[in-house]
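Before we start, here is the structure in question, set down as C-alpha cells.
Residue numbering begins at 1 within each chain, and the chains themselves are lettered A, B, C, D, E, F, G and H in the order written.
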C-alpha cells in the first residue's frame, strides 16, 4: 500500500494526479493531510503506525519551506518520495531545494515541481512495488507502451 | 536562557560567533547538537523540556534542506531564530529558502547566511530578552555605540 | 505594543493579515506608512519616539531594494521583524535578499515572502511578547491547537 | 542487485560514497561508466540487459545537462535514482534541474547535489530493496540508530 | 532539408514560429513529435534515417529536463539547434540549463527561451545552409534589411 | 568633487580601483567609511554637509543587504552611483538586487558587481562631471583611445 | 537635452513613465527606436550625432540579452543610463544582468527592472543635469518634498 | 575558415580548447581580440571584412554583460556561435543570459559556460562546415568513435 501525505488541503489539486494514477493501476493507497509544522506529533504517530497497515512507500507533497518529506523520512526507513509544490512567489524553487537537499543519512527521492511530479511520484512508487509484483510491472510496461503509441499517432498539420 | 541548537557538529565553526557574543553579554545559554532528520524524537523531547530549564528563545543553525528551525518552531510557541548555513554547492541559498519560507502559523525569524547570521542571531535573541531586561538592553546600546566609535575612528590612507 | 510600518500604502494588502491577527489577539499596535527612501527623517524620528509610546517590537514590510527593516534596526535595539513583499519582476527574491542579508551587528528577523510572512510576523511578535506575558502565551498555544484541530478534521473524498 | 552508472570517470570521486555504503551493507552492485551523450547505444543496451543480471534499481550520477538518469529511465520501468553532480560554474544547479524536472510519465527519484546525494542514493536503493528484504531493512534501522547514537555522544566544549 | 523535432504536441504553439519562417524562406523541412524520454528508440531511429532524406540540420524544442536536443546530438554529427521552452514553474530556466550545459564532445547550439528562440532557431539553420546556398544567404540579407526598414519607419508620438 | 563612501573598511580592497582612477584623472575626491546600518546619523549628516564642500556626485560601495547607496540617495538629489560588492555566500547577487531595485522616486545608478563596478563607478562619475568640464571629457576620450590601442596591439601566438 | 532610446516599439509602454516625467520637468528630450542587434549602424550614427543636437545624457531601455545600453556606451563618453525591461520567461533577470555586468572601462548606470527603473532613469538624468542647472535641482527638491508630503498624508483605517 | 573572437586577452585561457581542437582537425581559422564595448568599430570592420578572407562561421567568447556574440551577429548573416565565459561573482550566469537571450531576428547559437563550451563551439563550427565537407564530417565521426572507445575501455576498480 502507498501512503500519500499532503501538508495542506489545498495541495489536493496537485495530488489528484497521483490519486487518479493509482486508481487506474488499482493499487491500494491512503491519503492524509498532516503538516510537518502544524501537526508534528500526529505526523510522527501516523508514519510509525503506517507499516502495520501495510504501507510500503510514502509520497509527500509540500510547498515553501517544504519539510514534510524530510520529516517523514526521519521517522521511517521505508522509501519516501517528495513532490515539491509550486509556490506563488518563488514558483517552487523554495519547495524544490527544501525537499531535495537532504543531509547524508536520510534520503528522499524528489520528483519534479507540481503536476508532473505528482504523476511521476505515483509511477515511481509503482516502479518500487513493481520490482516484486509482476502485475504492477506489467501494467507499467503497458502504460509506457500507451504513451509511445499516442506520440506515434500524432499528426502535425503544416 | 537561550538555547542554541545545531544540526551537525561541523556547524559549530559558524555558531562559535553566537557563543562568543553571548559570553560577552554574560547571558545564560545551552548548546546542543540535534538533527531534525537524524534525531527527530530527541529534538522534540529537548524542545519540550527546555522551558522548564528557563529557555526563552531558541537559535537553530542548519544547512541544505534546513528543516531544523522550522521543526523546533513546530514544537514550541517560544521565538525561534534560524541561521541558514553556507553550503558547498548552492552556497546557502538552499538553507536560506528552507529556513525562511515557513507556512502561515509557524514563524521562524531568519537571519543572514553564515557568520553574519550567527552574530545577529545572538543579538536578536538579546534584543528579545532586552525588552524586559534593562541590563541587556543597556549592553546592546553600548555594543552599538562601540561599533559606531570604531567606524568613526577609521582613517583611510590615500 | 507592536509597531507596524510599511514602505508604501499598497503594502497594506499584505499587512492586513498582520493587523487582523493582532486584533484577534487583542494586542495593541500602531500602523504607519513611512519609507526608508522617501521619508528617511520622518522614519528615524518615528522609531526613536516609539519606545515612549510603549512600542516593544517593530514589524516592517517592504519590496524591491527593501531597506526598511534594516534602516529601522539601525535606529533601535528593539527587535525588528521584516516581511519581504512579493514584487512584479523578481517575485520577492529581491525583497528577501535585501531584508535578510544584514551585516554583523544589526539584526533583522526575516519572515517568508508575502502573506505567509505577514501572518507569521504577527505571530513572531506575539511570541516575543508572550515570553513575559502569560495571557499572550496561552492564546498562542490555543491558536496552535486550533490549527491542529482544523487539520485533523479534514476529510479527503477519494 | 543495484546498478551504478556514471557519465564520466571523474564522477567516481563522488560515487565512491555510494560504493562504500553498498559494500558496508553487503548488497550486490555493478558499476559502469556510460554516457547518455557519448555512448547512447551502449547505455541503452546495458540498461536493457541489466534485469537479466538481477539489477532491480539504477543509480545514475551526472553533471551539467545531466540527461543520464532520465535517459536510463526512458529505457526501463525499474526505479532510477539520480545524483546531480556539482559543476564548476553553476555549482550543480544545472545538474539538479536537468535531473529532476522530468516530464509526466518517466520518473526519476532525485537526490541532493554531490556527496550527500551519493550516500543517500545508496540508502534509498537499499530502502527500496528493504521493503521485501528483512535483512536489509534491519541493517537500515541499525544504520539510523548508529547515527543517532553518534549525535547523542557529541560533547560541545564551550 | 531541416528537421524540426518537438518533445510533445503542445510545443507546436512555440514551433509554429519556426515553421512559418521556413515556409517564408521556401526551404524544405519535416516536423516530428518524438520524445527523448517517452520514445527513445523511435527518436534514435528517426535521427539515423534523417540524413538519407536529405536532413542537414536538426532543430529540437523541449521543456523541463529538456534532454531532447542533447539526445539528438548524441546520435548525429550534424548541427543540432536547441530551443528551451518556457515552463510553468521555473519559467524555462530548467529547460535552458538542461539544453545548454552539454558536456565536452557533444555540442548543441542553444537559442533563447520560447518564441524568440523558435524564430532564431529557424534563422540559424538558414544561416548554416546559407553558407553554401547563395539564394538562402540573399534571402537572409533581405530579411535583415526588412527589419531595419521597419524599425526606421517607426514614429513615436509624444 | 566626488565623494566615495564604503560601508566597511574591508571594502577598500575594491574601492582602491576607483581611487586609483580618480587620482589618474586628477579629479578631487574624499573617502569615508560610513554604514547605513551602523552609523545612520553620521551618514545622514555627512551627506547633507557634502554639497558645501563641493561634492557633486556620490559613489557608494556595500555588500549583502546593501542599503548604503539607497540611503545616501534618500538624503540627496545629487547623483548616487552604487557598487554592489561580492559576498561570500551569494557572490554579490544579494548586493546587486538590494542596490538596484530602488523604488520609484529615489534613483541609484548601479554598476557591475565588484572591481569592474569600482572602476566604472569612477568613470561614470567622471562622465557626469565631463558634461560641463571639457578637460575631464577630453581625458575620458583619451582613456578610451588608450584602451582601443592596447587591444589592437595584442598579438595572439597560436 | 536627454536622449531616450528603446530597442523595440513595444518598450514604449515602460518608457512612457520616463517621458511623462521629463515633460513635467520641462526638460528637452528626443525619443528613438534603435536596436543594438537589428540596426547597429543606425544606432552608432545616431549616438555620434547626438552631442551636436545638445544631448548630454542617454537613457536606454531593452530586454533579454539587453546589449543596448552597453553598445551606446561603447560609442560615447557621455553618461548612459540603462533600464532593464521585464521579460516573459526570466522576468527581467536576463535584462538586468546583461545591462549591468559591464566590463571595466565602459560604464552604464543601471536602474531597477521595469517601470520603477523608467521613472528613476528620468530622475537620475535630471540629477545629472541638475548639478549645473539650479532650476532642475530645485524642481528635484520640490519633487522629493511632494513625495514626502503625500506619504505623510496617508491615513490607514484599521 | 573559422573566425575566433575574444573580448579580452585573458579569455584565451578558455579559447585554447577551441584552438587546439581546430588544429587537430586541420581546419583553417583566425583569432582576434576585439571587444563589443571597447573596440566597436574595429569589431564591425573586422566582421564585415571576414567573408572576403573566407570566414564561414564566427566563434565569440565573452564574460559578464557578454554582448560580443550578439554584436557580431548584428553585423553578419553567417552563423555566430557564442561561448559564455565563467565570471568571478556570478559564475557565468550573467555571461550565459546575455549571450543566449537574443531577440527575434538575430540568432546566436550558444554553448555551455567555459571550457566545455569552448570545445563544443569548435565541434559545432566543424559540424556546420562538415555538412558540405565530407572530410570534416568523417573526422567528426572518427572523433565520436574515439570518445566511445575511451569510455568503453574504462575499468573501475572497486
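In the analysis below, a residue touches a chain if its C-beta (ideal position, glycine included) is under 8 Å from a C-beta of that chain, and two chains touch if they have at least 3 such contacts.
What you see is a predicted model, and the numbers here were worked out from it, not measured in a lab.
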Matching chain pair for G-H (criterion: over half of the contact pairs shared, by residue number), options B-F, D-E or B-C: D-E
Of C-G and B-C, pair with higher C-beta contact tally: B-C
CA centroid of chain A to CA centroid of chain D, Å: 18
For chain F paired with chain H, centre-to-centre distance based on mean C-alpha positions, whole Å: 34
Distance from the mean Cα position of chain B to that of chain A, given in whole angstrom: 33
Where chain H touches two or more other chains, by residue: 35, 38, 64-65, 90-91, 93, 100-103, 105-106, 108, 112-113, 116, 144, 147
Touching residues (chain side chain D, partner chain E) in the complex: 7-8, 35-38, 40-41, 44, 63-67, 70-71, 73-75, 87, 90, 93-94, 97-103, 105-106, 108
Chain A to chain C touching residues, read off their complex: 9, 12, 19, 23, 31-35, 38-39, 42, 64-65, 88-91
Complex contact set, residues of chain C against chain A: 86, 91-93, 112-114, 116, 144, 147-148, 151-152, 154, 156, 158
Chain F to chain G touching residues, read off their complex: 56-57, 77-79, 81, 96, 100-113, 115-116, 119-121, 123-124, 127-132, 137, 140-141, 143-144, 147
